[in-house]
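Look for subunit A in each of the two complexes below; its partner is subunit B in the first and subunit C in the second.
Entry: the complex of A and B
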């Protein structure tokens, strides 16, 4: 094992562990500001450090500080304290671990060594995700049961029934996907989606499996306990459902687990159906072949993007009422300087790459970085879709939820398997 | 003569609506238009930037109380106890004393309103025969760090000025 091997293991594991955790902050921020914008209000925009509000991100820090210093209560009526404490851990850890098999860049070739860009480089891929995601509901059931509370038990029961109903269409949707891709390895699936259909359409899962993607996304929403399927914590009926007795850090871990699960299932949806880390029309081989023109293209695009972002900050980061020496304008000046600083940094990196390192190992690293950025952008958009759906659709009634799962999604996914298999057999 | 029967057209039975997904996408398009409009230009949000921008208060609005005075600065209140008797929350405490300036016989020596008890019903204003108590200060945000600070004494009530002109106040129906 060379030091390069060890370094890459550290990088990959760090990516798998910290990116979902960082995205908790991004998702919460996106949820709160997004919800506000969907409803024509402005959301949290007052919390600041020395006048810097970072578009509301500082509110997350304030929330975190509040949750850290809250009293961590275990109510006296709870007999099974071990399970009570264990439940939030299960929810959070399963969500984190199920991200470990998602590839965030194509296999990195350095010299004669190949590095699979997953936190845990293993072949079982989607099976691992199914197993671990199914395990997450144990945390919710355990929380509901050990809370020794009517609302908690009801929330846990609902969640259990819901996950059982929706795992089946989800699994069946994946089966028809496996028929198409012919593999369970997520890296290979993502590589498959780098090909072109009829020579000009990116061969993404969403085009090969249009019915499967709808079924899978609906089931993934139900698995992540998100609106319109968040009956497990339907506050109008059962207060807060399974986490009604939780407070302080234990509640925080539930909360984080929920958002990590949202990020992970976004990542899985992206990997299965939206090309994973693939940039449309530019698969890894093409990117490596045209590394220098692509680098030049990025160098040309970055200042344009920077200009638009700067203009947007200038327009929106002002007080919309009469105010002398508006501090938000000063704030915006600093943000715009940061944006241009980042632009210059990116330009400098690409310039150094073009002058000194073009060709060889640097090409591979550049391509991997571009793919990581693509993957994160796609996943962020998918998280936004979660937020978007949450603030569009009302919650299902419980019988409607079961009816949708068993009467509609299950037959549809079976039909999808038959049609897909027939087409695959006919074409091969 | 039969009873008028109005037949309500039931929605949601057409195939397009029963497919559900099309309607979901329509709804998502609506919300996304709102998001995009607010995201690209947040001056279009339907919000009042509250602590900095105050709402407009009409003269009829019942705010914090004040005691009115004659032109020479002497109190209009004659300590008749009408407001205290009429108060459903029992938040007014008056103690009467002798008046020395010759206008009337009595004047309050203590006139306390406990704002924690007050329900802002305005009955004291209606009951007052001398137009001595009004709720036209326009103060709608009543806060304090201590319970004691929520007790308005006679001096506090006299010191507060009305937020509206006499004509505006009269137009408001007082």
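Entry: the complex of A and C
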């Protein structure tokens, strides 16, 4: 192993481990601001450090500090303390580990070596996701059962029954997808989606499997226990469901696990149906061929985007009433300076690339970085869809939820398999 | 060697988990220690480069079947006082060991006297999804179909039994 190999292993594992954790902060922030937006209010905008509020992100820090310093109680009536402590860890770790097989850039070619850009370069792809996602049920069951509380047990029962029944339509939707792609490897699936249909439409899963994508997204929402499927923590009926007895850090881990699961399933949805890291019409070969024009285009676009962002900050980051020496304007000045600093940094990097390094290995790294950005942008949007749905739709009733799973999604996904296989056989 | 260390780790976990399944009194403890055994077995399959079997072991046994069993244990909500008193279980255990010991000795002898065959390194695609699939659907098609019909029969049987109880009420 050369030092480059070791460096790339560290980079990939670090990406797989830290990006989901960073996205917990982004998702919580997006949830709060999104909820506020849908309900026509401002959302968190008071917590600050020296007057800097970072658009509400500081609120996350305040919440984290609050949760850290809360007393971590294990109620006296709990007999199986080991399972009580183990349950939140299972929920969080399974969500984190299932992200490990998601490719965040095309296979990186440096010299004569190829590096699969996944945290674990494994070719069983989607099977790994299904296996690890199945383990998350243990966390919920153990939490509900070991809480030894009727609300906890009811929440655990509901949630486990829901996850187990929605795993079936999800698996069947994946089967019809496998028929189309002809592989279980997520990297190969993403490469497949870089092709063009009839020469001008990107061959994304969402176009090839319009029914499958609906089934998969509904099942993924149910698996992540998000509204409209969050019966497990229906506050009006069973208080907080399976985490009613949890407090302090153990509740935090549950909470983080929920958001990591949301990020991971967004990443899987993006990889399976929305082209993964592929930029539409620009697959890896095209990007490599036109690396210099693409770099010039990005160099031209970045200042324009920077200008719009700066104008947006200037317009919105002000007090809504007259104030002497408005501290928010001062805050906005600093933000705008940071934005322009970032623009200059990006321009400098691209300039150095064009002058010294264009052609050769730097092209591959540039393309990989562009693809990582594309992947993260798509995944962020998918996370926003989660927030969007949560604050738009009301909760299902429990019997409606099970009926939807077994009476509608299951037959539809079976039908989807038959139709897909018929078309694939007819075309081949 | 790294692989040897992993092998020892997985075998120890598999045996300890299986022992726990028998020795723990509470069904939840037994089920959870059996999950450890199943995951350790999946690890052993992965060491043998059987990637598909590794994934299926995790999805079907460790994931689906055991989570259903644990779900049922939770549903019944068994408490310590509901469990039957097991008196003299160690007497039975020792008796069982004495009965099984000759079989164990025979097995050890058989394993030790296996003809030493040359170990060859399997090809690059060994144990992958495609290789197993091709083998399954060319050489083992009939047994595969028979097993699927068996599963279908049990599925229909379960539905029929469940439906019967519903109409009687």
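To be clear about the criterion, the second predicted complex is superposed on the first by the 428 of 428 C-alpha atoms of A that agree within 3 Å, B and C clash if a C-alpha of one lies under 4 Å from a C-alpha of the other, contacts with A are read in each partner's own complex, and residues count from 1 in each chain.
The rule is short, and it goes like this: a residue touches a chain if its C-beta (ideal position, glycine included) is under 8 Å from a C-beta of that chain, and two chains touch if they have at least 3 such contacts.
Keep in mind it's a predicted model, so treat the numbers as computed, not measured.
**Q** Overlay done on subunit A, so just call it for subunit B and subunit C: clash or fit.
**A** fit
**Q** Based on the superposed arrangement, let me know which partner A:37 touches: subunit B (first), subunit C (second), both, or neither?
**A** A:37 sits against subunit B, while subunit C stays out of touch.
**Q** If we overlay the two complexes on their shared chain A, which of subunit B and subunit C does A:315 touch? Say first, second, both or neither.
**A** In the superposed model, A:315 contacts subunit B only, not subunit C.
**Q** For A:131, select first, second, both or neither according to whether it touches subunit B, subunit C, the two together, or no partner.
**A** second
**Q** Looking at subunit A, does subunit C or subunit B touch more of its residues?
**A** Larger number of subunit A residues touched: C.
**Q** To make sure I follow: the centres are taken over C-alpha atoms, the vertex is subunit A, the ends are subunit B and subunit C. What is that angle to the nearest 10 degrees?
**A** If I round to tens, I get 120 degrees.
**Q** Based on the superposed arrangement, let me know which partner A:214 touches: subunit B (first), subunit C (second), both, or neither?
**A** first
**Q** Per the contact definition in the header, classify A:393: touching subunit B only (first), subunit C only (second), both, or neither.
**A** After superposing on A, A:393 lies in contact with subunit B but is clear of subunit C.
**Q** Counting only touches as set out at the top, which of subunit B and subunit C does A:77 meet: first, second, both, neither?
**A** In the superposition, A:77 touches no partner, neither subunit B nor subunit C.
**Q** Taking the superposition as given, does A:156 touch the first partner, subunit B, the second, subunit C, both, or neither?
**A** Touch status of A:156: second partner only.
**Q** Which value, in Å, gives the least CA distance between subunit B and subunit C in the superposed three-chain arrangement?
**A** So the smallest C-alpha gap separating subunit B from subunit C comes to 28 Å.
**Q** List the residues on subunit A that touch subunit B in their complex, please.
**A** That would be residues 34, 36-42, 214, 312, 315-316, 319-321, 323, 388-389, 391-393 of subunit A.
**Q** Once bound in the complex, which stretches of subunit B touch subunit A?
**A** Contacts found on subunit B: 21, 24, 27-28, 30-32, 34-35, 38-47, 49, 52-53.
**Q** For subunit C, which residues count as touching subunit A in their complex?
**A** 28, 32, 35, 51-52, 54-56, 58-59, 62-64, 67-68, 70-71, 73-75, 77, 80, 128-129
**Q** Using the touch definition from the top, list the residues of subunit A that touch subunit C in their complex.
**A** Listed in rising order, the residues are 79-80, 83, 122-124, 127-128, 130-132, 134-135, 137-138, 141-142, 144-145, 153, 156-157, 160-161, 164, 167, 184.
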